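Have a look at this one before I ask anything.
For reference, chains read A, B and C in written order, and residue numbers begin at 1 within each chain.
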Amino acid sequence: MRKKFISERLGEFISDLFGTGTGWLTFVGALILIFYIILAVFSPQIAPYNPTERVGRSLTAPNDQFIFGTDNLGRDVLSRVIYGARIALMIAFIAVAIAAGVGVPLGLISGFIGGPFDRVLTLIMDAIYSFPGLILAIAIAAVLGPGVINIAVSIAVVYTPTYFRVIRNQVASVKSELYVEAARALGAKNYEILMKYIFPNVLPSIVVVLSMNLADAIMTEAGLSFLGLGIAPPTPDWGFDLSNGQRFVLSKAWWGLLYPGIAIITVVLGFSMFSEGLNELINPTIRERR
Amino acid sequence: MIFEAKDLRIYYKTKKGYVKAVDNINFSVEKGQTVGLVGESGCGKSTFGQGILKILPPTTYYSGNMRIEDIELVGLNENEIRKIRGKKIGMIFQDPMTSLNPVMKIEKLFFETLKTHEPDITEEEARERTAKVLEKVGIEPKRMSEYSFQFSGGMRQRVMIALALVLNPILVIADEPTTSLDVIVQAQIMKLLNELRKEYDMSMILITHDLGVVAEMADKICVMYAGHIVEEASSENLYYNPKHPYTKLLLKSIPNTDINDLELKYIPGFPPDLSNPPVGCRFSPRCPFKKEICEVKEPPIVEVEGSKVKCWLYSGVEK
Amino acid sequence: MIRVENLKKYFPVKRTVGEILLRVPQRFVKAVDGISFTISKGETFGLVGESGSGKTTTGRLMLRLIEPTAGKIFFEDVDVTQLSKDELRKFRKNFQIIFQDPMAALNPYMKVGEAIKHGLEIHNIGGSNMERKKLVMEMLERVNLSPPEDFYYRYPHEISGGQRQRIVIARALILKPKFVVADEAIAMLDVSVRSQLLQLLIDLKNEFNLTFLFITHDLATTKYICNKIGVMYLGKIVEIGKFREIYNEPLHPYTKALISAVPEPDPKKKKKKLIPEGEVPNPINPPPGCKFHPRCPFAMDICKTVEPELKEVNGRLIACHLY
């Protein structure tokens, strides 16, 4: 095969990407995500003011000085939204990492071994799964108390069964594929079969669930802090600002509510769009069929 | 003439560009005739079959003419072609498992099909007609309340045939109808198709890679290679007096039943990539008789001893 | 070299909760029901039958990809059914399988070269990675995939069906096995590709001095490769013997049907066909007596009640009351 230049491959990749509608979707989703990640990483440089200090009069409407206005304590809403991205993404990433870190290996093993072990584990996971997510998270968060890691853990507990179920079911079906039997006929060890033949085939679903879960985790985190179970004030947090802002909507201070709300909606939308397209792009057989 | 294709081109789109799966072919089916369409996979025969019903992706490019009775098919839009599908042209696919909806009972499947073309039909009427046609294909009518997955492979193929026949089409396209079946069931299905064709007085296009299968029932055989029809002849002529080198090699590659003939013959190489087909005669890279001109200029179709051949060996023009 | 004795595989039929409560006895699908045969070194044994006859299960049993219910399989005096899991894994080098559907038999996320190489890694053949890669390249060349560099780095979906099957063959043969099961290895391919691959298998068989179990439903292809055939119907062997004798003069009505069903390309030779009605019956509830009798044109009264035993007729074994 002729070696291809990187630019040539990049070109093919881009033409692949935009060959269809989902390509665009992924691309726009990725742009939104990159935007928020930049906000989160460079918030000290980007934010015009310190988000936890009083910088103007309370409830100033958006103007030249405060583009998004100020809240009831005179803090800059724009700066708080920017810093809020930091907390939201951090908690979401940690939570999802914990959930995947626990759920994926358990799912792999459970699906591969099968038998009573699999049944018991599935039962436990299903029990967790059948709880309404937010209520479970509230309960755990209430026990653990505030703090970034504690919030992340309580969200992770909610999402671990998602990984477990998806991976377990995939493994159980991939396990009966002919190429797994072929590997066994070659004399491969169970560990090799699991890592070389089964894992690569379930990896795409992991990635897709991962990106979808990030969106959910952000929603849950916002929900927790909206209910006052999140990060302790005055740390900027979208959910907390949302609940804080809604108290003043009646006094016509819509900006305290609107901007954190938009931030939550767009970042969740970004993740969803991204994960939607990722599913197709990552799978070589689906990709080929187009 | 029931069906006729003139200068037909069907190109479908892939990442690599347009695949010239059907490239300028002329093809016709008379009333009551069975025409075999034979070739290796990747020669465009299935694309042609699906192209007649326009069930290819919407990005597919068509040009030329395609007529069923007096209806021109090439220019039809999705709504218009839907009235042709099933009603005028029935289709039997290779894999009856994936082409029958598994969550629908057989009777429902037939009812839906009938309803698309006869919106006023009652369930009662539909059931009656379903029973009749199922009986014809050798399935007990009472099994119509079962689901397709409850049938064996051969029985499913019978259901497919019944589904293709229920609207009394004038032309049936059978795309590798027996390839996924065992020999005995294959023989049963072929026998059934032959009987039904006579009974319903319909025409049939039988697409297959197995010359042995068509020889037993086709009146005329078209051999397709790389998007072209390279030879068209009656099945006897084709077998006893094949003209095109491809046909000759294809015939030799069929395992015959003579136990003393133990030499395996095959055509070396693969069919070409149709997004970038070879210049000149498309078979020339694999042809043992190729001349200089074959690699330069596409051969015309000439008539030799009752067969139509697309090969320079018979055109009488030596460069 | 290979001796199979009274091999059985019964699959339990799942019972519903109601059936368990009502103590309906456990039923079994007798996929393979007491078959015996031997294959000598260098021989090719053809196992012929329709789907549902148990021929594929037999192939898998012989490699112990599924565990037999009863019976013994001797491979050069080693009883394969008695090997421990670890011994079996190392023993697998000696026998390999070529599957029917090459697309399904290859991991879609593994480059085809790596797929072939993995077998070498498992059995620690060839010292270094470089050496193994070289062996794979040679093997690719041997199965006529050249230049091998063109194929090594491709994924299964990027090559054609015939090429994929060559990869599967290469993967099986690179371990230098002594015994190979070819399970409908060429059934899914086009006629002309089929002949190419059959020729390749015959060449490789001679070159590597292989012993073959050739499983197929198509009797026409067996004549090129098989010395001996066994015809299976519903888990039992109904006729077994030298290929030439059976092909020239099939005795069992089922064998006759299989032979006459082979499509004939000569339009003038529209043979009188002996096609039996119906299909292979449900193996959960097989008919009593001779299992073929409901479809058999020569069925007698005795066939409906007494199951025929294999007995010697004209130098071969047949299970039929006609003889």
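Quick note on the criterion: a residue touches a chain if its C-beta (ideal position, glycine included) is under 8 Å from a C-beta of that chain, and two chains touch if they have at least 3 such contacts.
These figures come from a predicted structure and were not determined experimentally.
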item	value
Pair with more cross-chain C-beta pairs in contact, given B-C and A-C	B-C
Chain located farthest away, centre of subunit C as origin (C-alpha)	A
Centroid spacing, where centroids are CA-atom means, of subunit A and subunit B in whole angstrom	50
Distance from subunit C to subunit B - Cα centre to Cα centre, in angstrom	31
Whole-Å gap between the CA centroids of subunit A and subunit C	49
Residues on subunit A engaged by subunit C in the complex (per definition of touch)	1, 177-179, 181-189, 192, 196-197, 200-201, 203, 284-285, 288
Parts of subunit C lying in touch with subunit A, wherever the complex brings them together	63, 65, 89-93, 96-97, 99, 101, 104-110, 118-119, 122-123, 149-150, 153-155, 157-158, 168, 171, 175
In the complex, subunit B residues that touch subunit C	40-42, 152-155, 182-188, 190-191, 209-213, 215-216, 235-236, 239, 249-251, 253-257, 259, 262, 264-268, 270
Touch list for subunit C against partner subunit B, complex	50-51, 160-162, 190-193, 195-196, 198-199, 202, 217-221, 223-224, 244, 247-248, 257-268, 270, 273, 275-277, 279-280
